[in-house]
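When the chains are written out, they are named A, B and C in that same order, and each has its own residue count from 1.
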Amino acid sequence: MKSYREELFFETSTRRQFINITPQVEAALKKSGVREGLCLVNPMHITASVYINDDESGLLADYEAFLERLVPQQGTYRHNLTGEDNGDAHIKRQVMGREVVVAITNGALDFGTWEQIFYAEFDGRRRKRVLVKIIGE
Amino acid sequence: MKSYREELFFETSTRRQFINITPQVEAALKKSGVREGLCLVNPMHITASVYINDDESGLLADYEAFLERLVPQQGTYRHNLTGEDNGDAHIKRQVMGREVVVAITNGALDFGTWEQIFYAEFDGRRRKRVLVKIIGE
Amino acid sequence: MKSYREELFFETSTRRQFINITPQVEAALKKSGVREGLCLVNPMHITASVYINDDESGLLADYEAFLERLVPQQGTYRHNLTGEDNGDAHIKRQVMGREVVVAITNGALDFGTWEQIFYAEFDGRRRKRVLVKIIGE
């Protein structure tokens, strides 16, 4: 069994942002040399998500509007009594999910036509890490 | 390390539908010959979910009602400006999740009493694929 | 390839409760002897979640309030016509997710600073099981 680990880094200019990170994950997979296995991708932070969906700007605006309606950044959160202002971001991340696990087949991410891996930042404007862990052979 | 890959196909007669796909995943596991490992099951499409919960018709109606109340199909979505009418489906799929990872122990899905794998379709009436990827030994 | 399996047991005194189970998962990892691989943690029940986020009491209260506002326990659920009173719990578990998959690197859970594994119970006051499955080498 082979294993490979890489950290990706992102720093968004706005509080919330969606970034298509598929090319970076594919580059990590290539470096790993794994042909058959599984690829885990997750933020190492708890106010961000990694998820899979379409790279369409309208959809990204819909996600932003849906999450902000459901969990407004300006809402009242006990977590913010600690001095933080990101209570909403911890909840948004749960709704969108933490991680994705992707099949690796013949040395490639085993994806349908429209599947793209996104990093969703809900409390940005600082450097954040995403972990790519690959196992297989 | 062994690996095994299979695609399952579904075409629902209605826009939204929940299908218990546990028997098909168990059949794939049997074909794989894997006794200890992990089994990933995910739609290869971005308007559907694979999730694990109870096979009880009232619960399935509750999921349908909850998701439609939270993200109405007739709502306003920027994604639909592309000509699509499935903006809601992309959001519903995020709420229910994309994939499941299931432990394989002694050649079987390592499940509690009530765990069943479901394919949740949110934009059906066309042929869709579900990927089963198994690794282990 | 090595594999390891352990069940953890929890019985909460209240219907809903959040328990930090990171120490138990780390203990299981140590017993497994795995240095590089993946660790799956999931409830074997369908009214509970395993998720990763911060261990901060205000945040746990925010999750509880958010979920109860979104899916009130006293709401109307068809599932409850079966005689159950946990229709809400099946939905809350979907919003928070079922499982986590964690990278194992150098014999440890490969975590960012604040990542902690939680068991979220939505229908407690009875003995429940959590599965830890580890594969790697």
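Everything below uses one rule, namely that a contact is a pair of C-beta atoms (placed from the backbone, for glycine too) under 8 Å apart; a residue touches a chain by one contact, two chains touch by 3 or more.
Being a predicted model, the structure only gives us computed values, none of them experimental.
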Based on which chains touch which, is the overall arrangement a line, ring, star, complete graph, or other? complete
Same-site or different-site touching of chain A by its copy chain C, using the half cut: different
Find the geometric centre of each of chain A and chain C from their Cα atoms only, then give the gap between the two centres in Å, rounded to an integer. 20
Multi-partner residues in chain C (2 or more other chains touched) are 1, 38, 70, 95, 97, 101, 135
Within the complex, which stretch of chain C touches chain B? 1, 3, 5, 38, 40, 42-46, 70-71, 77-82, 87, 90-91, 93-95, 97-99, 101, 129, 131, 133, 135
Contact footprint of chain C on chain B as seen in their complex: 1, 36-38, 51-54, 56-59, 61-63, 66, 70, 95-97, 100-101, 103, 105, 110-115, 135-137
